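Shared between the two complexes below is chain A, which pairs with chain B and chain C, respectively.
Here is the complex of A and B:
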């Protein structure tokens, strides 16, 4: 069995986002980076399957981006991936989901993977398209938003989260792509021996130009904070006074007391 | 004729050979008992605890002859020490008799035990015997009638009590019988120098001399047999503490308090981090179990134990010994249980009070290292999140690292990256940087420094968590990552001195960072401000107020800073109503050992317990010196029913409100 898990490095969502000079994405100044949360679930599930299948199985982690993505690759290796592919791209953030999926598929088609794991979406762009596009490009079966995963006898049993709290169960033949959702698992904390071992694992570097042949299908035209629609008001003081103030505001600014 | 007494009176010198042979046999049994124990200690890792010989011997003398550590607690400690010194006098006295009888007299023909010296000798030994007897009685009453809470009494205790009691009583009976047949009749004036003996002699008066002599002989042999029994019992009963506890005074660490082994992260051959099995602990960790006298002083002071958590430092120490003896292959953390290990606040109250010099805290940390570094375990999901936050944003809150210096906006403080020409580098720490309540500490400290004309620099968004909570949770890797980045950064600027407002940052930078190459002086603001006040750079307008003061563990017990904060308070006009547990005996707020990041799920809240102690003083203000304490007490006051009765302030806030002629200049950034 050959497994692939695709991970993205994203800014921490607590960061102070500012538009970049082109105004189409965020500036990278003062950002803290981490592994995309949903991709962490994907890595954990892939590692669990890798452990289930034992030595006959190999798990590769793939990430696209500049040198800094080496951090998330190392984390995935420390969590239990066997080897890594770093697709070197200084402008990964400027590429649309179609191009990203094409890069992954471009690499994966030579490798005959059985299962590809990834997050259901990224925390920064949030298109939720890359996983399904990879499946489409490779001709794999696909299930998205997994909250449960089991593999036996060549069949994946995938529990999917649907709208309104409903769950659905799908059975997939391999090769398949699955995208992972919060609730699937609790990603392990890498142990120190595994962090050390990860330092010695192979990371293959591939320039993005070798894999990307596609033009973008969607262009990002603007990145900006939501327009201000009047600020919030914080009232402080004695409860009695606060009540008066709230009633005054409700009368003044809303229709509820009229 | 000079007064003296006949040694071996009624027994005869014929007994000497058999007496010595039996004594040597008893000592051999004693040595054999300890010898057999050595392989047990040897299953632990090696550790050098025989260097700096002179310092160790000096401490051994203070601890053993001086009984200084035992004396710290009057209950139990006072009778123990009087008993001990009395017993020592008897022991030395008996040795002297032996030397006199078998060496001085036959070899040199001199008699030390004569004249005025003999009178003093008789009196002192008699009184020592009385003291020992009375103290034994006191300890007996304490153990069997008062029954202090948590004191574990076994059959062995009764046997030892009986043994010691019988040794003293038979000793007096021998003396009484001898005196009844000799001194009382021949030299009544001399008998007055053995008041107890004289009293006991009354029991024998009226009997004829042969009866007295035969009963003397019987008592002599019983006494001798009991003493032999005492020696033989040492390695096999709690009496072993005479040897092991004393030895621990020699073996105790000489490093600064709170020192933790800095793991070598470059060592790629290392396969085990922390203690997974007993063999990952050191021989000293196993030996500590034998040195433990189960005096339960640690347990009495443990904040976790006091709030119904499963940790008792005493039981942990004993359990480690049991594991070494019975199940050395077992998983240490599983046997001890994670709940026990995560309950510790590393407050060091146990270790500080331990008369046996046992090292409780680092054992727990070694096991936590195994849990964290080898098993990826956490005390709770909230801690997992906080640790991940430190990894990403270098603070446990997960707030954007870029906002770290926002508190300083509008204050006269330089950011090192822009201007490093400053008098001190203020290492702010995560809480004073990000937590709204705690930012007031940072602001106060800057105002104080401004008033004293001190130029202050901060690292701003470049500063990272010092790594302390991570380290105390066992995550040495994350600690060293943070530490190395901070150290590299600080070394890049021309820093003369670092001052912290957080005792945790202070301990970490001042002591732990030394192992990683930070060498410049580091101070906590309490001692720094004390000096500014004393050299006249700073003057305060005293405004009288009533307060109670909380010694944070990491300032008081770890760093011995107990007087400086009180000096600042006195200069501020504060009148302190001390809590019963203060200074070295202070009771933790509950936040140490990384617990600040964890929910307190078991038992009652430590912070509430401490707030209740503060409330008992009746003072309307509780002053602390630590952002963690402040956070815990703000919480403890709210949930523990203290609202409206007490407020918690940091010492820096108190001082800042009393600055004389303070002019707050606007930011020069």
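Here is the complex of A and C:
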């Protein structure tokens, strides 16, 4: 079995974001970087399957970006991936989900992976498109927003999170892509001995130009903070009037009384 | 020259920070109240590899370096100074001398259980009349056949209450002063070892500080650590390395208090504005952060020197002295910024202030650090 897990490095979400000079994305100055939260669930689930299947299985981690994405690659290796692919790209943030998926599929099509794990979306762009596009480009089956995963006899049983707290269960033939959601698992800590072992694992570097053949289909045209809101509304009058005003506002502005 | 952590060190820092935020931070106040670090946490720290960071993998360590160790102690101490000193004393003061001075057989025998955290180590140097003045050691040993027999007592032994593996200093002949001292690896569960008390302290209350009596404690001759009569060298070298750990503990405590003070100064409003808008508070924050940053630079340099096998005695003394004085300064100012609330246990800076003080005292008082630094300047 060959497994692939795709991880993205995103800014710490507690950072203060400022638009970049082009006004289409955030400035990277002074940001701290982390592994995309949903990708951590993907890595954990892939490592668990790797452990379940034993030595006959190999898990590769792939990330696209500049040198700094080495940190998330090393983290995934320390969590238990066997080897890594770093697609070197100084402008990954300038590419649309179609291009990112094309890069991943461009690499994966030569590798005959059985299962590809991704996060359900990234915390920064949040398009939730890359996983499903990779499946489409490779002709794989696909299930999204997994909160449960099991693999036996060549079939994936995927528990999916639906709207309103509902759950659905899908059975997938491999090869497949699954995208992982909060609640699927609790990612392990990379232990110090495993951080050391990760230093000896192979990280193959591939320039993005070797894999990217597609033009973008969508472009971000603007990135800006929300407009500053005015001050709150202060209601005045006796209790009866206040209640009526509040009910009127709730009816008008919200769905709670409909 | 590069002041950035390597990617490997960043991965480590991120992993330890994550572990600390989930496993230690939520119980730090309880550790202080209970005067006890839960066994479950010690076990988790062992599994995480925090108790053997810089020793080679062949002895069960993680195989990382001194800078990794400094990062581990710093990150843990941001949340809990007691857990920080457990790691520091265990790693630098027990495993450290066994790794540096031990024979191959001793390293293979003792280090794996220490590095995994299965056994917690301690360093038995201090006595009622000998601490900074190690030459005054009054615990005596004599040889009987294939054993050394040890009699006397030790005091203020960090991690002593775990009754694990200790590196113990004892004298053959007090008139020889430091030339009469030898070092031994001892199993503190042996007959002849009595705990007199675990001290009730101002701070780092979760950490054991133990007084021992030894009554005919028998140690096999193969447990002699280094050469007979060279125990003073073992002690001095061990304290040198240990100072980087304590400096990192002090730095972590300071950073933990600073984080809280900074956040509080933005939340707390007086006279219609956040108190961080007042220059009086701003200047405090600037002074606190500058001392934190300079402490970190000194620690990183000392760790770098040790990793590169260069002399680091002066730097380890300087980083310990500076970081510990930073810790007492920053925690005191953090309370001041919190005002009355800072004096209340719930806000945690009160605990940090109590935890910080000891870092100016143990592993050589700061007066001793100044002696070390000035002697090297004048030699």
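Just so we're on the same page, the second predicted complex is superposed on the first by the 230 of 258 C-alpha atoms of A that agree within 3 Å, B and C clash if a C-alpha of one lies under 4 Å from a C-alpha of the other, contacts with A are read in each partner's own complex, and residues count from 1 in each chain.
Following the convention adopted for this analysis, a contact is a pair of C-beta atoms (placed from the backbone, for glycine too) under 8 Å apart; a residue touches a chain by one contact, two chains touch by 3 or more.
Source: prediction; values computed, not measured.
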Chain A as common anchor, with chain B and chain C clashing or fitting: clash
Partner chain(s) touched by A:223 [first = chain B, second = chain C, both, neither]: neither
Which of chain B and chain C A:70 touches, first, second, both or neither: second
Touching partner for A:78 - first (chain B), second (chain C), both, neither: second
First (chain B), second (chain C), both or neither touched by A:192: both
Partner chain in contact with A:30 - chain B first, chain C second, else both or neither: first
Chain B/chain C common contact set on chain A: 34, 189-193, 195-196
Interface residues, chain B side, partner chain A - complex: 268, 270-271, 273, 372-378, 381, 384, 387-388, 391-394, 398-403, 461, 476-477
Complex contacts: residues of chain C adjacent to chain A: 7-8, 10-12, 14-15, 18-19, 47-50, 52-53, 57, 61-64, 68, 72
Chain C-facing residues of chain A, complex: 34, 68, 70-71, 74-75, 78, 189-196, 198-199
Chain A to chain B touching residues, read off their complex: 12, 14-16, 30, 32-34, 186, 188-193, 195-196
